[in-house]
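Across the two complexes that follow, subunit A remains constant while its partner is subunit B and subsequently subunit C.
Here is the complex of A and B:
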């Protein structure tokens, strides 16, 4: 007959760290802060990819008078521009220019300040091992998105698949941090100049939504890149974009409305581990007069009455 | 949409307005307004597009708020005066509250913020219904309560004309332009409400005819922004010749019909000793006129780039019935000589 199992005693190391923790709570101003401490806001589950909480909330505040003054100046400059632009015409351009506009470059990578309009992320946020970086390419002329894809899922017990990297543009802001949208109603085609490595990318356009459950609604289409030293001009009509939610194609499809476009993004998730790179020269929109398709997919009625 | 459901909804719309017209009790009037609101909601969300659903939700929330305020005001009136009769409102507090509620229902400034977004999310037919039919019932109530609160109405009127003028200046989307045009016209209607209510009714009906023509014209051209309106010369050259006349009538230029209400209103305001108000209203009409002129310019005075070097487009002709548009266009352009008859009817 085996002896009953001894209940697991907390290890001595745990006891001493708990003791130190209590000491710090009693004398927070005297004792110096140790390196990673247990979650400052106790009880919050920290996902595997998130960095550990190191500071109390009040230690994260960064009061800077000059930054505040710069912020006020920037906002008032934007407000002045917003006030005086309608005097010229709609969207700040004379109406003839608005009517004749056939091409517009919306994002181009010329210099490090153009990188501020973009944000990159990968599955490192959920605990995966992909890496993604964005830098300015040679001669400050292109944007270079590169990194390594790794489809090893994070070991958190619930994620089965992983391995994605993405780059997304930031939301346009008007004065005083109000959202501004791109109005692409005069155009019907997305025009990119890219140089990829042969991988298939997904272009995602995010429009303005109203309800909270539409937060992850995206309009997607594929971007098949050719590898090779030559640049690739890609023209994708907006009628080809289909609606997805959290990556899943929806049954109820409708064409994208271009009057309130917020963001554009590029996602890679082709389950092929290894390095990747995508060089982008510019992203623009153009009006293709020969393209008359309104929507590329069937809008058939499910359960039609007979 | 199934024809049966469409019939039910349109009958509901008609019923709601009729109930409000025929009612002398506040609760019945409120009921008519609610029936109107609820009947138009499925029509607005018909296409199940997220923007249409968003517009429907915003419309429902604003109209429900307005209806609740109306109910509250009529209850307050019943409490203060002991009766529910619409024509017997005497206490200023319920009158002011009801004016606010009806201003929110109709889209007068400063409660106009929902109108451009809602109209932008709808298709042109439902937008037409919203701009015309849904204004009848609230105006029926406004005409009956005859608010004597002069500064409030003048403030609403001037704010609406100014905001309607300035707001439309930066727009390229036609439905938003029509929303701001609606706000401006409602401002004109409210300015004269306390002096000659029947002139408000005349302005409302003239506005209906002009908006009806405009919406149908945009629908025929399938135009939702300035650039697609600029292509109308390839599709319907005859209508394109009449387009600037319709738009300038909305802008209130003589010798078109739209000048008639503006003229009579300015005359009445001056007679009442409100010359500065009349001046500000006339100047703000210039702002609105600017964007109507811009639309006319884009439609008729330019040859916009298109995909054909020659004239009529290969696009299939529209299947829309043209008789209503023809009738309302004639009414929009040619009714100014009837002003003496209108003035006599209004006993001006």
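Here is the complex of A and C:
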């Protein structure tokens, strides 16, 4: 007994009245991605009203000499790093440090090159009017995410809710565009130093999945900011993250698997229209020996068959 | 009213509905094809309250025992709820659920259970619950009873209700800085509440420097005097007392603070961080705490496995000395705040104060690189506010609100 498919894709809802974004990576210049022609399982979001692109896959390759040269440079630098890193130790750190690490700073905002690890996206892709920008803070010491939220839904007949802004980290890449993952198995808490304006944000962690159905699986938790001129240290144990798929919290929950973490993101979707800002100092993971909880939600099967 | 949907209208199980029923309230009996939005729009000319909303729902319920078109009516009602201001009212949702005819949509055998019995009505029920979830309304036992009566136990709306009842209690009290549902209306109370929230210190004291009032001057103009509420904690007073009088302090603002949907603005008084060479490390006073020694001179080594701090350089942005909230953020009001602060911090009389007031996405300004070149020499003399003449007149330079240099929106 399945409910017929409801076409309100972008009106993804979370059970705590937050809006969740569609997981799309965009360049900071926010150009809408053309929808691919053959999408097996609802691959990319097709904005209602946009015609289907009738390009063959080989027509989409863009040949450019300069881009090629840059690509070669980048890839060979990465290859060199990969070759010489194991001489120092696993993952470029000495063995003892790798084994006994208690705290690791994963992302910090020092200087404009740290902005390249992040991408922002907002309502605008589905036709809304929210804006979001990311820049380095004063003295090049923090990351400053700011913009305006507007929850008027786009008038395309399909979307019912709107108004979200997100910032998401890019996938780590090894040489020659291979995916690399974060390995956080020896840690159990996420530690952030942020300064918000009192709005509640949502932290989303995307892990590497095997099946294509799991593509939009995200592990979420809330980030409540206090506002004010003082920095706020937020410690969230990984056992608190709950599983959502396309913004809807799932029935079958399980703790997040930390061995192949791909991305982390911050979403704002509280329905308060107006400007917002969030300053981030660093994002790190740490091991809290006092935290022994394995998972915060029940693991039993909640929808047993009739 | 329990009645089989599919029984023939010929058998007179109940009285036929009197035709003049719908003519109550003087509303015209419209036989053309109208959507149910119309009912609400006709009421829209009157005051939109919960009572009128309930009246419209009652009207619909009484109009037809079979509740023809109840799905469209419920969708229209859900859309109109925010206009009537009842979107957070559980009683109204229960009443709206009551519109569904009972026991008709409950599946009676395994085939009906298999094939998504009455899908449109189930979808409508799910949408109703979704709007409840959207506005954070917690359903109660009456909702559950209604859902069981209408859809049965294994239906989609019932599943949605179970999910709400599972997750809502878990997420309700997660906010470490909770905001009450009813914010205080009085601006002074709201300001003191939000200042205690951002102060980060339990000992911080809120002082109201000025209460709001509207005055009418002799020339007949109305002048509104804004409220000024400030906050300062004892440690901030100490820090300000140790501040070097030759360094300026900055009044920055307005910074936004959101409380649920409401945005308030606050201003801060801060100074630049002391450069490393001027930092004086005061030795711990052993008599400050007699229970245990504050400084231990042990020669213990910490191993790699005991490292508890992150490998990031500490951001020093300078101390914040006080915060305030006011409805009008111009220099005159802020000067009043500074003079009010001066009673507790006499050093403010000698320290030059710079005002950096600009709108736009706000961050604490950095160090000296942000000095703008817009210094008006003689103009500022006329706009300068002199403090009380007893103290040494200090230089209050004014930086006019800087035009955005491409950094802000």
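Throughout what follows, the second predicted complex is superposed on the first by the 234 of 306 C-alpha atoms of A that agree within 3 Å, B and C clash if a C-alpha of one lies under 4 Å from a C-alpha of the other, contacts with A are read in each partner's own complex, and residues count from 1 in each chain.
Keep in mind that, in the parts below, contacts are C-beta pairs under 8 Å (C-beta built on N, C-alpha and C of every residue); 3 or more make two chains touch, one makes a residue touch a chain.
Here the structure is a predicted model, which means the values were calculated and not measured.
Q: Record, for the superposition on subunit A, whether partners subunit B and subunit C clash or fit.
A: Taken together on subunit A, subunit C would fit alongside subunit B, as the superposition shows.
Q: With both structures placed on chain A, which of the two partners, subunit B or subunit C, ends up touching more residues of subunit A?
A: C
Q: Mind working out whether A:257 is in touch with subunit B, subunit C, both or neither, as first, second, both or neither?
A: first
Q: Based on the superposed arrangement, let me know which partner A:183 touches: subunit B (first), subunit C (second), both, or neither?
A: first
Q: Once the shared chain is lined up, is A:90 touching subunit B (first), subunit C (second), both, or neither of them?
A: first
Q: Check whether A:297 is in contact with subunit B, with subunit C, with both or with neither, and answer first, second, both or neither.
A: In the superposition, A:297 touches subunit C alone.
Q: Once the shared chain is lined up, is A:46 touching subunit B (first), subunit C (second), both, or neither of them?
A: neither
Q: Quick check for you: in the superposed arrangement, does A:211 touch first (subunit B), second (subunit C), both or neither?
A: The first partner, subunit B, only.
Q: Who does A:100 touch here: subunit B (first), subunit C (second), both, or neither?
A: both
Q: Could you say whether A:289 touches subunit B, subunit C, both of them, or neither, answering first, second, both or neither?
A: Only subunit B; A:289 stays clear of subunit C.
Q: Pick out the closest CA atoms of subunit B and subunit C after fitting on chain A and give their distance in Å.
A: 5
Q: Which parts of subunit A are in contact with subunit B and also with subunit C?
A: 96, 100, 102
Q: In the complex of these two chains, what residues of subunit A are touching subunit C?
A: It is residues 1-4, 6, 13, 15-17, 96-97, 100-105, 108, 131, 133, 135, 137-139, 141-142, 144, 146-148, 161, 191, 197-200, 222, 224, 226-231, 249, 251, 271-272, 274-277, 279, 281-282, 284, 286, 296-297, 302-303, 306 of subunit A that touch subunit C.
Q: Please give the residue numbers of subunit B that touch subunit A in the complex, ascending.
A: Interface residues on the subunit B side: 47-51, 53-54, 57-58, 120, 169-173, 224-227, 230, 294, 297-298, 302, 304-307.
Q: With touch defined as at the start, can you tell me which subunit C residues reach subunit A in the complex?
A: Those in contact with subunit A are residues 113-116, 119, 122-123, 126, 130, 133-136, 154, 156, 159, 163-164, 166-168, 170-171, 174-177, 194, 197-200, 255-261, 263, 266, 268, 270, 303-312, 315, 320, 323, 361-367, 369-370, 407, 409.
Q: For a test of understanding, state which residues of subunit A touch subunit B in their complex under the given definition.
A: Residue list for subunit A touching subunit B: 85-86, 90-91, 95-96, 98-100, 102, 183, 185-186, 209-211, 214, 217, 252, 254, 257, 259, 289-290.
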